[in-house]
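Following are the structures in question.
Note that chain A is present in both complexes that follow, paired respectively with chain B and with chain C.
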Partner chain A sequence: MATDALVLQRRHSARSRAAWRRRGIVLAFLSPWLIGFAVFIAYPVVNSLYWSFTIKHYGQPARWVGLSNYGLLLDNPGLMLALRNTAYLAIVGLPIRLFIAVLCASLLARPRRGNGSYRLLFYVPSVVPAVASGALFFFLLQQGGPIASLLEVFGIEAPLWFRDPAWAKPALIMVGTWALGDVMLIFLAGIVDIPRSLYEAIELDGAGRWARFRHVTLPMVSPVIFFTLLTGMIGVLQAFDQAYVFSQGARAGRLTGEPDGALLTYAMLQLRYFQDGRIGFAAAMAWVMFLLTLVITGLMLASRRRWVHTAVGEK
Partner chain B sequence: MKRGKMMTPKTSRAGGARSGRWLATALAAGLVLAACANDDGAEPTDDTAPPTTAAPEPTGTEAPDTTDAEPTDTTETEPTETTPPAPDFEPTTLTMWAGVTDQVGIDAFEPLLRRCEADNPWLTIDYVGKDGIGLALSAAIEAGEPPDLVQADLTGQLAAIQAAELAVSVSDLAERDGLDWDAFVPAGVKLLEFNGERYGLPFSVDTVGLFYNRDVLDEIGVDGPPDTFDELLTDAQKLLIVSDDGAVERVGFVPDVGDGSYAVYFADMFGATLYSDDGATITIVDTVDQWIEAAQWQKQFYDLMDPQEFARWADGLGSYDSADNYFIKGQLPLYFEGSYFVTWPDRFGEGRPEEWGVVSMPVPGGVDEENPASLVPSGNWFMIPNGVDDVEKSWAAIKCLAFASEEIASFQEVYGNIPSNIEALDLFEEVTVAKLPQFETFVDLARSSNASVPGSSLVSGALIDEMTALLLDHRRGDVSDDQLRDELLALNDRYQDELDLELGN
Partner chain C sequence: MSIAVGDPIPAVPERPMRVRAHVPRSQRVLLTVARHAVLLALAAMFALPLLFMLLQSVMPIEQAKTTALWPDRFAWGNYGEVFDRVPLARYFVNTLLVCVLSTIGTVISCVPVAYAFSHLRWRGRTTVFVLVLSTMMLPYQVLFVSQYEIFTSLGWINSILPLTVPAFFANAFSIFLLRQFFLTLAPDVLDAVRVDGASEFGVLTRVVIPMAKPGIMAVAIFQFLFSWSDFFGPNIYLSDDDSLTLAVGLVRLNTALVKTGESNLTMAASVVFVLPILVLFFFAQKVFIEGVTLTGTKG
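After this line comes the complex of A and B, so read on.
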């Protein structure tokens, strides 16, 4: 008996040692990522949270000021302006971009000659860097530029895209919509994945094109719509480059989001404070944006069950 | 003022997963930080202008006689009596970060480096052209690896430099060595001075003046450029051309072509200020009447035209640095600009030097010919970062660079800014002004003791941005005079609160 117990104990110890060894190996393989995560993500995130409660200048120790940075930020009129601009881009721009992407994807999903070339053509703009596409549209849309000249041929006066607050954000949305290849590709994958039998079934019921799109395509790609909406929303909240390029074109060297603040984004506002070396204030801005992103994402996730189609057995 | 380069971050599109959101937030902060490039670089240079090849000519730390300076002998390479004795150090390579990043500028800078290496046999300078030096320097000092010396335009950033102890104050070193600050133009010294400390040695100043197109002035029967504010407004009215359908075809004069880049600086002419000399107090409230006067003055030029038509005109203007430049094409015959623009018409237009000139900008009290009020929005200087291995070596190097008059003059002939070193300024006047007489006005403005430079405070950038946006609103008529007053006072209070928090008051 005693021998059996000893053998069992030894086997148990051996298994335990083997399990620890396995864990060690797993950790060893994970360690590059873990170290990278700790150094480049976890530490900066925690540090920025600490700095947001301090006055911090480069090279100097931080001085604790509690919630003062947050208090001053809430008093800043630029904050509301930037949030209003962001809301416009999210509420108007994002749905337009997604709708056109779904439309293009559903057209390109049908097997027909030359589809590959069309897909490539639609995708190419999305590999153009955002700054380059901003500069390109600045050239295209300015007075005397190709688009204004074309409109003039038809007797139409081109809008002042970069000097009229009413047209500045639509110009920004236009650039975003032009580069919809990445989103379109995701939709395309989703649409191609829809079982053919669903279309056949609805066609037997006498459904037309719109009914097929409305009752089959849309519900089946709704998880993709949800995903692109979520990532698109995060992208809009962080909008900077194209707004900055357009604003620079209207006004040299500053971060006022000209014309008339119509292009001021949250990130541009934040850049002001980085440039002044006010790290604590800028960190507070980053955390306000993080909380805002968290709330919006949470609301979107909460709304998911109401409109996102899930297959049977999926939660 | 400067037309420097800006890095722009690519918008991050993080995934929808929770870790993605964390990552997106962290990356957004990192990318924005990485994008904070200032206009530290100097002006773009003429691609075709040849770099200087003049032989080195040592200079000293004594103030040269500015009234009858003799040209130096370009073949002379031996140090003169005024050259400070070369310090005896171990052979050392010093790294220098400089705002001059284009190849033409780097080539033009090269003789300056070689000259100082020749004067100081122990010294080798490793030149690193860098955009956004302000933030890069902060990061390098935080990491404990600053360059040994810096040449940059850090105008308006001295409060942050002092608060973060980014640079060595050279006041004591200069006093110990008997350095004569009068060897530099007053504005050059003012630019690097904050709270009684001087952070480096002057290199160049950016002066601004009123460019005028003589041909176009002749067209309207005006003899010469305006001397007073009233004349400027009258000329602007006469020069304005609006077609029958209401389209603006030519604008006589507007401050900063409508983009607001000089909106705040113009207010200086009216005595308006943003903050106290020590950067600790917002002073808008003390000069609110002057701010309103300055805003009204700017607005009157925009009121001459329909705002939409003016916007359409401005939007259709050609590129600033091209043959389509609005001044060169005669679309804006009275134009407020910096000295570097003197090289533009020659570079992009044909036969312009005979047809255009530059004068001091009229000011409320009229132009003082002897000592004109000079607006110096920015400038460059040599600086020693905090934490360098050996301050004495860096000090010896920047002293040599700041006093290498002949090489500085040659460099600015290519670059178009005005030397701060008076001996270099004399040489510049003798050589460059002889070729481009329009520089003469800028040389006079640079010499003026009545020069004003931007102050500095820990809230400078954000405050100037908000002030600019507010003044643009007023120009457009979106904000009345009374509203402007209220907004200015509110800005004063809010930024004073921010400043108090930053300073721990």
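After this line comes the complex of A and C, so read on.
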């Protein structure tokens, strides 16, 4: 009897030892992320939240000032300008980009001769680094540049993209639209996944091209539209590279001059405060950006049920 | 080449002929013509900017300041000149170093983590994975303000360390992508190897990694492309002229040459910056396209 208990105990300790071993293995496999998360994410997040309530300069201790950074932010004229610019890019730029991406995808969804080459060609601009396409379009759009020359052929006088505030953001939208290849690919995959039977069913009802697009293609790719809209919104909130290239170039050019902050994005403004050494303020701006991201994501997720189609069997 | 791009997307069967027959022949021809007209216009829109970049990069200086679109002669010397004016070769080496190191770091750190999230069973796995994914929502702005102080106190400013060391500690996007690939492997196969007495590390190195090579390639290529293109990070951490990457060097060059109107030199530097990425893309297009599609459809 005593031996029975001993065997049981030994078995039990062996099992718990094995359990600890397993935990150790899991921890070992996770360790790169655990360390990275603690050092490069969790600590900076908490730290920047703390700094956002302080006046902080590097090399000096932070001084608590409560909500005053956030209060100053509300009074900051640059902030309203940057938010307006962001809204413009989101409301005008994103739909244009998505529409052309859907157009390209639906034109290329069927396997036809030449479609592979078109896909390749349409996708290439999206692998071009953002600052390179920024420099490229800065050149293309300059006075007397290639786009002005092309427009002249059609008798159109090119606008002064970087001098006229009304045209600076359309220039930005043009670069973004040029690089829509990845969105197009995602749409392509979505369209190709639509079961043929749906089209056949609606064709039996005598539906035309538009009805097929409206009642089959559009609802079936609506989850993809949702995904691209969401990532697009987050991208617009953080827009930086090309706006920075344009405005640096425009300001250096003098002959053009940055048009009334028309290119100022939220991320550019935040970087300016960071470079001026106003770290507490920059941290507050970063946190407002994060909160905006959360709010927009939340609103979009809440609206999803109304317009995003979910197939039977999906969650 | 055209077939390769078409490959990853499964073929859709043509519509049955009886449905087609409803459309009169003349209308069908018209539709085909219209379709090609639209496609050609789009093709021009996507391709012309790159063509103009190439042409401008070999435009003689006296022509570069005019409205000319086609160079009278190909001034290949522009490339030599831009390498003389700015330490472009140095930038190139710096960029390559950042890319190679951060790619290696990403792969060796994310593969075991993704394995733990796909083929190891442990309590809280889903919760922790949601935490991993939620870090993707954090704007870099929230992080760099504080990371900058860490890197300053370590004396890492003006070196490639802030751009490469964090890569060795895994990132959410690559973990997510690798996990997607790992999940396609049947657990039975792994169990069979475990029964044969292989450790988890053995299963990972001898079974999972060889089987998930395309996925690992995709993650490596995405990281390489990201590091090559990244401007925000290098712009913050690098300021010494010798320490710059191509992205930062190009933006500075662009700004500096606006006044002199030497856009031909800016475009030559752009070609140097963009060409390696295009070459990489042409060799690895299949991997690229599978990866992009996966992030979108399973997101």
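Basically, the second predicted complex is superposed on the first by the 293 of 315 C-alpha atoms of A that agree within 3 Å, B and C clash if a C-alpha of one lies under 4 Å from a C-alpha of the other, contacts with A are read in each partner's own complex, and residues count from 1 in each chain.
Methods note: a contact is a pair of C-beta atoms (placed from the backbone, for glycine too) under 8 Å apart; a residue touches a chain by one contact, two chains touch by 3 or more.
Nothing here was measured: the structure is a model prediction, and the numbers come from that model.
Trainee: Are chain B and chain C a fit on chain A, or do they clash, once the structures share the same frame?
Mentor: clash
Trainee: After the superposition on A, what does A:A262 contact: first (chain B), second (chain C), both or neither?
Mentor: In the superposition, A:A262 contacts neither chain B nor chain C.
Trainee: If we overlay the two complexes on their shared chain A, which of chain B and chain C does A:V221 touch? Say first, second, both or neither.
Mentor: Neither partner.
Trainee: Just checking: does A:A105 make contact with chain B only, chain C only, both, or neither of them? Give me first, second, both or neither.
Mentor: neither
Trainee: So, does A:F139 touch the first partner chain B, the second partner chain C, both, or neither?
Mentor: The answer is second: A:F139 touches chain C but not chain B.
Trainee: Which chain, chain B or chain C, is in touch with more residues of chain A?
Mentor: After superposition, C is the partner touching more of chain A.
Trainee: So, A:G235: does it touch chain B (first), chain C (second), both, or neither?
Mentor: first
Trainee: Per the contact definition in the header, classify A:A168: touching chain B only (first), chain C only (second), both, or neither.
Mentor: neither
Trainee: Of the partners chain B and chain C, which touch A:Q60 in the superposed model: first, second, both, neither?
Mentor: First partner only.
Trainee: Quick check on the superposed pair: does A:W178 touch chain B, chain C, both, or neither? Answer first, second, both or neither.
Mentor: The answer is second: A:W178 touches chain C but not chain B.
Trainee: Counting only touches as set out at the top, which of chain B and chain C does A:R272 meet: first, second, both, neither?
Mentor: first
Trainee: After superposing the two complexes, find the one stretch in chain B that runs into chain C, choosing from 132-140, 204-212 or 222-230.
Mentor: 132-140
Trainee: Both chain B and chain C contact which residues of chain A?
Mentor: Touching chain B in the first complex and chain C in the second, residues 41, 44-45, 48, 58, 129-131, 142, 144, 227, 231, 234, 238, 240-241, 244-245, 248, 252-254, 267, 270-271, 274, 282-283, 286, 289-290, 293-294, 297 of chain A appear in both lists.
Trainee: For a test of understanding, state which residues of chain A touch chain C in their complex under the given definition.
Mentor: On the chain A side, the touching residues are 22-23, 25-26, 28-30, 32-33, 35-37, 39-41, 43-45, 47-48, 51, 58, 100, 103-104, 107-111, 114-125, 127-140, 142, 144-146, 148-149, 178, 182, 185-186, 188-190, 192-193, 196, 199-200, 203, 224, 227-228, 231, 234, 237-238, 240-241, 244-245, 248-249, 252-254, 267, 270-271, 274, 279, 282-283, 285-287, 289-290, 293-294, 297.
Trainee: Can you list the residues on chain B that touch chain A in the complex?
Mentor: 2-4, 6, 8-16, 20-26, 28-30, 32-33, 35-36, 38-39, 134-135, 138-139, 141-142, 157, 160, 163-166, 259-261, 308, 311-312, 314-316, 386, 458-462, 464-466, 468-469, 472-473, 476, 478, 494, 497-498, 501-502, 504
Trainee: Can you list the chain C residues touching chain A in their complex?
Mentor: 1-6, 9-16, 19, 35, 38-39, 42-43, 45-50, 52-53, 56, 66-67, 69, 109-110, 112-113, 115-116, 120, 122, 128, 132, 135, 137-150, 152, 166, 168-171, 175, 200, 225, 228-229, 231-232, 236, 247, 250-251, 254-256, 258-259, 263, 266-267, 270, 273-274, 277-278, 281, 285, 288-289, 292-293, 295-297, 299
Trainee: Which chain A residues qualify as touching chain B in the complex?
Mentor: 41, 44-45, 48, 55, 57-60, 63, 65, 68-69, 72, 75-76, 78, 129-131, 142-144, 160-164, 227, 230-232, 234-235, 238-241, 244-245, 248, 250-256, 258, 260-261, 267, 270-278, 281-283, 286, 289-290, 293-294, 297
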